[in-house]
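Below are two complexes that have chain A in common, paired first with chain B and then with chain C.
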Partner chain A sequence: MKLTKIIMTLLVFAIGITIHAQENLTGQKIIENVYYRETGEDATSELTMTLINSRGDERVREIKQYSKDFGKEEKSIMFFQAPADVRNTSFMNWSYDEEGKDDDQWIYLPALKKVKRISSDSKSDYFMGSDFTYDDLGDRHPSEDTHKLLREEKLNGEDCYVVESIPKEENYMYSKTVVWVSKDKWIGLKKEFYDEDGDHLKNLTVEKYDKIDGFWTILHSVMHNIQKDHRTIMNLKDVKLNTGIDDNMFTERMMKRGI
Partner chain B sequence: MISKKLIVPLLLLLFTVSNAQDLFLSGYARTYLGALTTGESEYSIIQNTFDLNLEHSRGDVYFKVNPFLYHYSDKDLELGFRQAYMDLYFDSFDLRIGKQQIVWGKADGVFITDIVSPKDMREFLLPEFSEIRVGVTSLKFNYYLGSSAFELVWIPVFTPTQMPDQNSIWGVKPDYPLPYSFNYANTDVKDKLSNSEVFAKYSLLSSAIDFELMAAYSWDDDPAFHSEKILNAASGIVDSIIIKPEHHRLTTLGGSFSTTIGPAVLRGEGAFNNGKHFQSTNPLSAGGTEEKNYFHYLLGVDYNIGDLRLSSQFIQQAIMDYDDFLINDEFENTMTFLASMDFLRETLNVELFTYIGLNDGDALIRPKVTYDFIDGFEIMFGANLFVGDEGQFGRFDKNDMVYTKIKYSF
Partner chain C sequence: MKCPKNKHLIGSIIALVLILIVSLLFMDRMIENSRMETDLDEYMPYDHPAFVFSDQAEEIFNINDGILIAVENKEGIYNPSTLKKIKDLTRQLQKMDEINKDDVTSLYTAENIVGTEGSLDVKDFYNKIPQTEEELKQLQSAVRSNEMVFKRIVSENEQIALIVAEIDDDVFTIEFYHAILDLTKSYEGPEKLHVAGVPIVEGTLAYLAPKDMMIMVPIVIAVIILVLYFVMRSVRNTIFTLLVVLFSTIWAFGLMAVIGIPIYSVSTMIPVMLIAIGVADGIHLYSHLDLYLFEHPDAKKLDAVKDMIKGMWKPIVMTSVTTAVGFISLLTSEVYPIKYFGLFTAFGVLMAMVFSLVLIPASIIVFGLPRRKVHQEKSKEESGKFSYKFAEGAVKFKALVISVTVIIIVISVIGINEVWINSSFLDKFEKDSDIVLTDAFINQHFGGTNTLNVILESDDQDKFKEPEVQRLIDKMQADVESIDVVGNSFSLADYIKRMNKVMNADNEAYNTIPESQNLIAQYLLLYEMSGDPDNLWKVVDYDYKLANVNVQLKSDNSKEVNRAIEILDKYKADFEKYNVNINYAGSGYKALVFTDLILEGQITSLLLSLLLIIILLSVMFRKISIGFIGSIPIVITAVISFGLMGIFNIALSTTTALISSIAVGIGIDYAVHFIERYKIYALESGNKELTIKETMHHSGRAISFNAVVVIAGFLVLLFSVFPPNRSLGALVSLNMFTSFIGTVTIMFLVLYKSNMYFKKKRNSNENK
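Showing the complex of A and B:
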């Protein structure tokens, strides 16, 4: 199984705080507001990803995840609970504010009984065979795209900005994305992805969110690959913020010991 | 190994224990069928495996028992404990007591500083690594300071490498010009405190680099094959040899590191070993061996090209103060190469792992395809192809095989 990104990415994707809507915002500013929203000092949650193929067959991945902001670096650790053949596998990521500094990543495979340093995966890789890439999970910096506010409209009763983002990098896996950003929560409620040929590739829809410990949290979302008719359902539960996770949670000791 | 008479009560015990409150059960059942591709395509292995993990924790105390059962069509049932230990967790240190597999170092598929747990070589290097390492009854103490860790292991009773039977296709027959016989009188290391093994390791995991420094005062897991020439009283010439396997003390100092350079991970591992007895043809050498020190080191790199994961390692064993009477080469060079790729949303994996012996031009090539039919149920097809006529891989040239494994994890 390929393991890539980390909790922090997932939670950055999932959690937002309320910032009052401002008038005359540009597309760039809207995306920055989404990217830079505060997410708390630390977070704990249980993630269930259900991968559904075109025949309706399901595969379920369950992960317990912890993350903490250490100032200039963010550390996160994942413990895989299911399926059975990956149980007790753990994955740790340290990411840095320093521009150009790559994440450090380690994996612990219980069969090998050792912690192994791995190189940061390509941000275009899919996370655990799901329909989410790392970039989809929220780690893409606003400066990597050119953003344009297309319009303002309601989505499921929510006032939203609709922003189109076109990558500056040539040959990026998407030619453009279009996101519906809630005006008062600064979370993306829907996103369309277009492939390199400009064809509609995927839709991300947020189906449930709630305010937990003062932070808006997406609890249920679905990524649908239209071209292959894959779906990935992402459910977060037992989300806890600012609980004061011990610094020692993000160590080799805990990777081996598990939870 | 446990006799068949004990199986039923043991299974009943497991059943009883498994009903205990909060006990976590996991494990797998596996069927493994291998056939030689040479000769009459005989089966090289027909094995059914049941491997169970029972875990329980109460506060800062945890225990794990990992019984296993191997059923063969042509051998006795084998039942044992891969691991059976207790953990005690404290704020800044942990204790693990009992039978445990301990793994050190940064190498993949190569044992340089990874010398705490001995190896089960009854099927050469072919089993999964979790099955190659033999659990040892030991006391392990870990002290933690930030991202640093100090580990001390005390093994009160020595466990040697498990060698294949002489009749096994993995058995290696000694190469002597005269008839020989074995005398195992000095082979066993007596169970006593002074024969303990001690291992120590300092490790650091940081953004820039991960490294380990280790030291060991142990026994060589592999016996030295001392020999005694037998003179024929009538003719006055040597007409046979008695081989006397014996384990010797080994002192090891070593370390390992891994770091990221751009998109690649660079790994290294090395050890200086003092007190190894190498086989010698020197007529003046006492007992047919000579004691030499040797370096054993590795450099490896892991990198990705798109979705293709690649890894390569260069390994060298260098004998110091070498003389030409030694059977081993002064420098023994080996390489490994791994290519692995996932398909179908990571449910299909195609992998090729190869050992290449550079001295003898031999190799072990191991392609395999694994498909997760459903979560926790996988089917694997693979081959083990030995290339060459001599060397650590070429000597098994007649053991080329294809195999399939079907595994259900729970």
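Showing the complex of A and C:
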């Protein structure tokens, strides 16, 4: 009897704590959890990017990509495999944790045989003509927005937090975003984007994700620009994490040499 | 005695009331269901290959007409206040429901492809308003060094910046037009704002034309009433003649409303035709009655009416049926509003026939004979004398009449070769009107207010990444830009050249198409990574199988547009070597094709109606030669009308092209009345001299009344402030005049010389 009582009390206490903990979980914290979710030190994958316009015309790009976390900076390099006329074009991006510091970007055009720097003054640039901006791809720091937990609800059978984020910066390309975050995996499963004028601009939906080498990884996602009815499908294959990519992979020399 | 009289009276009253009731019903339907169709695209024949192609291209490349707003500051635009105005106005336009956000181009939204050695970027010219002297200088030099922007949206003297808002064809309304004008007005001072562009020109036209007509039409009708009264000298006759026109117009428009056919701008020509033609029936009937009463001063009204109907029903039916057939020939047109115009004008003409044969006799029976004034007899004598003299004179100076006619015809035929149709909207305005001056102002400083889209097409993927093809496009652009009507042009080649230059340290020597196709592909990829690729899809499609070259024109005048097309067409063979086809698209080009279609259709239907009329007349008079003689006024009217336009370089337009139909309607009217009367007198008297005199007195007089009434009415339009209405007035009057003169001179002489209806007696007469 006594034991039962103790167990009951403990259980109630535990539940109470959990509830309490959840009440304390702010929008800010949820987004930070997503941002700082462990993703592995480095990653290798083959990206197939399919662009579809409103008339259903498709363009497909195949890219081999490598990325590595260097602590205060993250470096990634991409090699175009297809279409044939841009084969071996490579693109390198170094992004910095330091607030306000812009990414460094280089491109190597094999037809010019030269590495050129691209200065990116805005993370709101679209990534390779897709519907993703650099920010959409996960670079945006949580401190740049004010986050608010709107509600909790199920999305495709998964428990999610629904968080609204409003940028602190004026004139930012989005007036707000709303994201559905999986409670147990800390990945965003769906995101709505609203443009400067508050009109619904885009929808991001994650179609497929999996645990790879112990980390939750998004494998298939679709970004749909509603205003232009333009879609980008990102499909990852052969994802390998923590393979110990050489630091020298992220150099201009590698861009020229190719893989 | 009383019984039949009452029967006639009751029948007449019933007829009058019945017509009135049905007219009121139609009137009601008209008010309920009629709607104006102002969207010009609704006029186009959708299935015509040129339109199908253009519509597809417009959809693929998002080709739309742009509203141009020029912000002018004589002190230069590089100051915070003007730059803020450009930004605010751009944002305001983007927020309007009728305008898509991405379709507004200005210095605020334009992208700046820049680079120094080792770096390339696509950025905004400004976002926050530059405040410091240094920032402003920076912006200034950024614009100056970018040929994709400089002289395109910022003028060379740096005093004017352009904001272009492209809109879909179907969103334009009068309210939107005023909203745009009000919006720009609120930004006035110290900057001056100018609004132009194809949608604004069309909008102003759609606003001005009906407004002018609302003022002019009542005056036209008043003048017609006045002159009608002057020639008829009876209020009642005037009223009933006009009622015939009024009811037939109401029935025509009422039927359109019942069937659910909207009123197109060419439909406004239906009342014009019905006035010109409908008035004739009444005039001829009353004229006949007048002459009868003159000869039988004590006639009873029933006898007078009986004689009028007996004498006149045949020519009225004949003229109406042939006229209607003439208009029905417009069904051959590819343009639906013109088909409807033909059909409902034909219906109106037949209704005018019924009304004049029912309404006018019934009115006499109900209200009695027109009161005859004493002094009228005298004038009738005089007019008789004049008619006789005219007939004798025409015969006497027949050599002169014939040779003058031949000379005029020869000159006209030469002139016809010069006839052209102008699809220009701007040419419809006064040369010194605001809209023309604004257009000229913007054309003086920028590429051009009108766009011709050259669509290049190939079956091969990535065709437009080929350096040879791009180089040819570049050459074609340089070539077409060399004529003064073309301000500039814009295509994928401009992007490639800009990228090549920027990637080579802004070296002007690299402002060319590179040698390697892969390099072009890689530049384009690079652009997609840095800029807004949506801009690319305005000049090329996803597969690089289709390309769009924008040619900016400083005029929408058909001759000027055709000059540009002539140069572009020369490249057809060169492009064919690369399996590339050239076609054209855009609203300006569609208007060009459309007006050509109208002119072509008009000529075809004119010839067809002429043929039908010759056949009809031959059958009606049972003589083939009458068919040809009767068509003389039509031919003369049409030839002179087109000939004069050619000689004086007056272009036809969509509506004025239709005026040649009036030649058919009026020409046939005059000819049939005249010939029928001639035949009656000839068979009655057998005396040629008497016949020509009496015919001239009877028919010639009525014809001249008809001509005078309509000419006087339409000459009023010469005082319109709206040039197309002025040419309408001039052309209708001219056609009435030539039809009249042609009938009483040359056709009369041919009839006289042919000895028609005298052949059997001629021998006996001459042998006497």
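Methods note: the second predicted complex is superposed on the first by the 233 of 259 C-alpha atoms of A that agree within 3 Å, B and C clash if a C-alpha of one lies under 4 Å from a C-alpha of the other, contacts with A are read in each partner's own complex, and residues count from 1 in each chain.
Going forward, a contact is a pair of C-beta atoms (placed from the backbone, for glycine too) under 8 Å apart; a residue touches a chain by one contact, two chains touch by 3 or more.
Only a predicted model underlies this, so the values are computations on that prediction, with no experimental measurement involved.
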Superposition on chain A - do chain B and chain C clash or fit: clash
Touching partner for A:227 - first (chain B), second (chain C), both, neither: second
Chain B versus chain C as contact partner of A:55, first or second or both or neither: second
First (chain B), second (chain C), both or neither touched by A:169: neither
Which superposed partner A:252 touches (first chain B, second chain C, both, neither): first
Which superposed partner A:102 touches (first chain B, second chain C, both, neither): first
Partner chain(s) touched by A:94 [first = chain B, second = chain C, both, neither]: first
Against chain B, colliding segment of chain C, chosen among 380-388, 470-478 or 632-640: 470-478
Shared contact residues on chain A - chain B and chain C: 51, 53, 57, 59, 83, 85, 111-112, 116-122, 125-126, 128-129
Sites on chain A touched by chain B in the complex: 1-2, 51, 53, 57, 59-60, 82-85, 87, 94, 96, 102, 104, 106, 111-122, 125-126, 128-130, 230, 248, 251-253, 257
Complex contacts: residues of chain B adjacent to chain A: 26, 28, 87, 89, 94, 101-106, 128-130, 133, 142, 144, 146-147, 149, 203, 205, 207, 210, 258-260, 263-265, 267, 302-304, 306-307, 342, 345-347, 372, 374-376, 378, 407, 409-410
Chain A to chain C touching residues, read off their complex: 51, 53, 55, 57-59, 80, 83, 85-86, 89, 91, 107, 109-112, 116-122, 125-129, 171, 195, 197, 227-228
Interface residues, chain C side, partner chain A - complex: 59-60, 94-95, 101-102, 118-121, 123, 127-128, 462, 465, 503, 514, 516-519, 521-523, 525-526, 528-530, 532-534, 537, 541-543
